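Next, two complexes with chain A in common: one pairs it with chain B, the other with chain C.
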Partner chain A sequence: MEAARAHAPRPAWSANRWRARLRGRSTPLALLAVAAAVALLVLLPLGFLMEQALSIGISQVDALVFRPLVGTLLLNTVLLVLVATSACTALGVAVAWCVERTDLPGRRAWAVLAALPITVPAFVTSYGWVSITPAVQGFGGAALIVTLAYYPLVYLPVAAVLRGMDPALEETARSLGMGPWRTFLRVTLPQTRLALLGGALLVAVHLLSEFGAFAMLRFQTFTTAIYDEYRLSFDGPAASMLATVLVLLCLVLLLAELAARGRARYARVDTGAPRPPARAQLGRTRWLAGGGLALLSGLALGLPLVTLVYWLLHGGSTSFPVATLLSTAGTSLKLGLGAAILTTLLALPVSILTVRYPSRIATVLERAAYLPYALPGIVIALSLIVASVHYLPTIYDTTQLLIVAYAILSLPLALVATRAALAQAPPVHEEIARSLGCSPLQALVRVTLPRILPGLGAAAALVFLATVTELTATLLLAPIGTQTLATQFWADASTRAFGAAAPYAGLMVAISAFPTYLLTRRLGAILGPREAR
Partner chain B sequence: MLASGCGGASSNTLTLYSAQHEQMTDALAKTFERKTGATVRIRFGEDEGLANQIVQEGSASPADVILSENTPPLELLAEKGLLTKVDSATLAQAPARYDSPSGSWVGVAARETVLVYNPKLISTGQLPVSILDLAKARWKGKLAIAPSEPDFVPIVGAVDKLDGRAATTRWLEGFAANAKRYNDNEGIVAAVEDDQVDAGIINHYYWYAQAAEVGRANVHSKLYYFGHKDPGALVDISGAGALESGNHHVLAQRFLAFLLSTEGQSAMTHSGDWEYPLNASVAPPPGLKPFASLEPPDVGPADLGDGSAALKLMQQAGLL
Partner chain C sequence: MNPPSPLSVSGLSKAFADRPVLAGLDLEVPAGSLTAVLGPSGCGKTTLLRLIAGFEHADGGTISVGGRVVCDEHTHVAPEDRGVGFVAQEGALFPHLDVAANVGFGLPRARRRSGRVQELLELVGLSDFAKRYPHELSGGQQQRVALARALAPAPGLVLLDEPFDALDASLRAQVRAEVRAVLRESGATALLVTHDQEEALSLADVVAVMRDGAIAQASDPQALYRDPVDAQLARFLGEAVLLSGRLHADHAETALGRLATRGDPSGNGPSTDGAVTIMLRPEQILCREPTPGTPHGRVLATQFFGHDATARISLDDPSCPEITARAAGHRLPQVGEQVSVVVEGTALAYPSK
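Moving on, here comes the complex of A and B:
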């Protein structure tokens, strides 16, 4: 132990803390090293971006950052993120409340329908709309369509919290004379705050890095402008400066969410049996609520699916090149599975470290792994290309590099799921196993792993879904001759060959269906562990 | 499962980086494969993007041949000494004014810059004399451009060469203020067809491709040719060059020769690609305005250079 301490990094400010830590529960150094390696890997793109930004002279930075386009992009991006995130939040909360807290007829069916738009990638939704009317191109249309595509990210966690919430606080408020609206605003809503903010942050981050939908809707944001730069200069300084501004925007978002979260927590002290909450009697407004939900499902889910089927049947350019369709679907499946396995394996050590051996350094490593989530795929892809060409040419232009990119992009998804699963597996079982002579690794493999398998499955499914619908990193990193459903769809849809694009979109939605089904069953457990049912 | 993607570097495999349309590239590659028994691997991209990717890849680049839509990316590679000389017999197949001044690449096909317009929204009397007129305020919200499409860069270069820096800057600032921007020429043709805008700047072949897809009778937009040596009548040259860093120099030269051969040029014109072939012995696709009647300006590949000046002007004007 003394030797280990002597070699441990010891900045003066934390020397005492380190000593205390090492004397107490000792973090296995191997685990720490593996988790640190994972964090380093995912921070690589950010490092390259910073290096590039620093290597550009000040005068060039000035010319590139303070040029007319950047002002337009900043205005566009900030306005859209504000409007669409607010709309998603309002819509998500309203739908969650209707489904979980009212006597709306057909609540269970609505609960599923309202979540389903998450299975259709935003660029497919945009394709559906653009193919019937060019009027959706521009700010209004872009805000509308991304709201329809992303509101489930708020709806799902808020609904889970509403479902699991102990109604005692609300009942107390009502008994003290608060009206139903005030109770909702002052008592119910604050309790959903963490879920609501978390969902809103997800929406905002998705919007910052969304490419396909905005390109199709002719709405310029930083991410589409970076793609334009890629078309005209591959990886020029202009692209990396735009990316730097985008990263700063992401950091502002992350900090804003952290600040808005505050420290207030709402939880029951003991795990008693809360009664199911009383449901608001909608009376005649139930038809209004039902009609609203029907309209929402029609616009968010019905329209894209109907246009998809229409183009399959009637598109002038529709053809069913069966061999190409099958091989492309096969490639997407293979890449999705590869990424799911690798990413889950990378997430596991980081989660074990943060859940079993919480410490400041564990928190730092975990937070670091979340950072790339805010980076658009195109930024990560460009930096991986530069890194591999210069330092590791043997992996340049290979499937392995593409899978690494997917892993970096989707590690946070896997972390959320593996963390939640580990937190629910009591460490006492591992301790018993160890007291019976198992090594820590044996205890983990034989006792804990079987318990957290469903959680690992959820992690893998989340990564698989994100990978199958990933567009920009795939466009840049796919080895010569490799085509995925997403890139083939894009090649056709972006040149307005709507019919030719349709089979690829259909297959993409179809192979996303099974993991999504698995997930909606597990999501409650991930997001709201105290689910009442 | 994690199979390597870096197979196929055998001596009979050619790696082609193509900025050209997929249909046309595939037709060329298939015909070449049938003729020679070689295998062609293709990476698709866009002009400047692909050229700069090759620069980044350096000596590790898998590319043997690059096929571009315009000359600036080829000039960019030639300037950096990354292209080998093209066989003189191949160069001789295309008019010298459409080849690399230094013999580093060969012109393959030509396209004409045109204005596609909607006769319902604008009468022929209102059509501009010069592409410079389109930056005027009366076109506000009525003109579609695709500044991030590599086809736009040579037009900027042509205006710069013919009318000077100050006029070019004013013209681009007018576009930044007035024009509606689209991602690509396909989007412009669709917008003009859908009555979204009065007119748009494109290369002629996007209109012909659209007309072929939906039937000439169902297209109501029309093409306007600027002519009279206006920069708006610029002829864009698609060209090809072989990479010095490539591992298959003989095969690469064979491919370039094939591109300019009667066989290659007819494979191109029969692939649904509406470009003008540069080998005089092959007839252009039927229905095109005769190549000799286009009256393009006297702007050649050397005048356009590597496009970096044009890109910079576009950045300063806020188009990029």
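Moving on, here comes the complex of A and C:
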């Protein structure tokens, strides 16, 4: 081990050299065709949705879009996105700084605890709050609860940057006469800017997509209104029209995201700082910081879990429904596995195309496949319903359609993971295999696949996690008679049968905990070596 | 009839994003030889190898391997069908396979157990390492395994892409010698690219110097070092002392006196007025005790390398630039010392520009 490292003074392959080499290689047509098919799978249903929304005529569009309801929804949604995103950003940065850059006692435990709320679906957190007080219903409660649920999306990337930051920068600022506070504002914070921006945009996207939490909190946004139009009034065109407005909102965010990501690529902080950065001495305020973190974890993680356990123990409203529990859990697992396999298989060719054969067309296809990342589950579910009812009625109301919806929804997750894995497997190995007589496909199977298997596993785990806790698309697309943990939970919780809902939520959290554990371990490896503590 | 040449390249050209890298390159590799392509970093050496291996498509020109055209206007034979082995810069062993599996990778399934793997491991002196994984080997061992892996299917040609570049300087010489011995013993024809002129000269049977996307000169190392086709090449291959002079029948008059010349390898002949540029190697220039009647100079600076040393000498003749002489390490003159300069052997005369 030591010997090998000692004799490899240069990094094996720099990304720039790859890109220069790979550009202009002729792309295998079969690969291009498969990737194009994946992109089409994502884009076509959306096209049908737009088509339906527009097919109803201009006067109708006018009547459906320019009405008081849409104004209220727009105001509610935009205001909530602004307030909660700002709160998540402030909270995320503060927590990241305390955990990564101060001498806070027990910071290693806090680092884990602060990230954990992301594993509890927001609709379960809302359920926990609503079940103890109806006071959280409405704007204030909704803003509070989604902030508690989504701040880790800012905390995690910002903490990663702080951890990897070169301490020399801050030290230089201090040596130039800046105080700690000015150093933070003028040196530290600007470096986290891209991570912070990316995290904030991610929060905003999640908020636009959030359905379960808002429905539970009786706060009306686009997603809940679309659901009501579709489920309660069976008004397809009205729902499609609202969904189209929501898609436009999402596109605004997507454009901002693309702009941020384009720059982020160059500014990415390399893994592993030469030495751990110096930590700010908190002194007496560390009890304040510790107390704040304790309060945060209590509200974001403790409260939902404690209420969950309370309702599990004191449910009372029904006897423990073992049979239903097992059958719904089985369904969730099956759907999760199906979605994990299908999505990873769909993501792999797109990633191979973009990593191994970069070209303009590859970029376009990849962007298309990333689109669902910015689209609410309810929009994708609705578009699949429209598409299948009108063009392929045989798959309407089938498990297959539901799994396709999951695959479209979680394709961006799988793309990120497979892409990262492929980028770490140098193409020189495939070339050597070719020179030893392997066809391109054999080279992929014999050399690249064994290397990226952990990455594929991570992709599958991410998809599984997203699928088991997915509510919106499942509610709309689950065939009649199919109940998952999420839908069964929803059926009980939305009728305020808190005790009856508890076992499903508990099992959902337990099932999703395992892949989360695997992922955080993997994430640690990706983010670079932790400093020795 | 002669057996077909293991590698014959003619008129090869390749551009990346409109920047020409190879421009009509010609190269012949004799059977059983180790040929080195020598050129500065970024001159397109690696691109040449990748075109021969089939990893890239050429813009123009022809490549034949063992008499079979593998690349021309209409043909692009896939890498796996060329029978060309490849040793990458860092070895690029497959990290998920042990040494034996790496070496046997290119063999048909049936032959992997036939003893061929063991035979190759013995050839590279790593019989006891069959079950080790790449990360358990030193850099030099990894490079030997990579060579064994490339040789296993008995390819007509092995390409080596700066195979010693990633190694420590202390290890490089040893691994070079080992690789040279293995290639000789296996009888394989090999083409190696390097930017290290010392490596090329000491290792290869034929050295081809690459410049401006083409081969400037290809020859055996001694002839190449002795008779480079122009002054630029002379400097690239080692230190050169360049003086202006006037050519007569078989000698030239220079600041260092009358020097016997050998022909002009560029074949252009001197300009009509007889003005030439004289090329000497520093080791041809000897420092002696000052003697009357010989060119004199003063030692400006010395550089000591242990086994030998160089001295910068400013000649008393003001028309002459400073020159460099090489001396054995134990005979290094002192800075400031007055010396007589004596030239050994013949000089090369290039036409003056």
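What we mean here is this: the second predicted complex is superposed on the first by the 477 of 533 C-alpha atoms of A that agree within 3 Å, B and C clash if a C-alpha of one lies under 4 Å from a C-alpha of the other, contacts with A are read in each partner's own complex, and residues count from 1 in each chain.
Note that a residue touches a chain if its C-beta (ideal position, glycine included) is under 8 Å from a C-beta of that chain, and two chains touch if they have at least 3 such contacts.
As the structure is a prediction and not an experimental result, all values here were calculated from the model.
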Exercise for the section: Check whether A:482 is in contact with chain B, with chain C, with both or with neither, and answer first, second, both or neither. Expected result: first
Exercise for the section: Pick one for A:496: touches chain B only (first), chain C only (second), both, or neither. Expected result: first
Exercise for the section: State whether A:447 touches chain B only (first), chain C only (second), both chains, or neither. Expected result: second
Exercise for the section: Pick one for A:321: touches chain B only (first), chain C only (second), both, or neither. Expected result: neither
Practice task
Answer with first, second, both or neither: which of chain B and chain C does A:393 touch in the superposed model?
Solution key: first
Practice task
With the two complexes superposed on chain A, say which partner A:358 touches: chain B (first), chain C (second), both, or neither.
Solution key: neither
Problem - Touching partner for A:338 - first (chain B), second (chain C), both, neither - result: first
Handout entry: Set intersection of chain A contacts, chain C complex versus chain B complex
Key = none
Fill in the blank from the handout: Touching chain B in the complex, chain A uses residues 64, 67-69, 72, 134, 215, 218, 220, 228-236, 238, 316-317, 334, 337-338, 385-386, 389, 393-394, 396-400, 402-403, 479-482, 491, 494-496
Practice task
Under the touch definition given earlier, write down the residues of chain B that touch chain A in their complex.
Solution key: 1-6, 8, 15, 22, 41-43, 46-53, 55-58, 60, 62, 148-150, 153, 176, 181-184, 186-187, 190-191, 194, 196, 213-214, 311, 315-320
Problem - Complex interface listing, chain C residues touching chain A - result: 16-17, 50, 53-57, 78-82, 84-86, 88, 90, 92, 94-96, 105-106, 134-140, 142, 149-150, 152-153, 166-168, 171
Practice task
Within their complex, state which residues of chain A touch chain C.
Solution key: 1, 3-4, 6-10, 12, 20-21, 23-26, 426, 428-429, 431-439, 446-447, 450-451
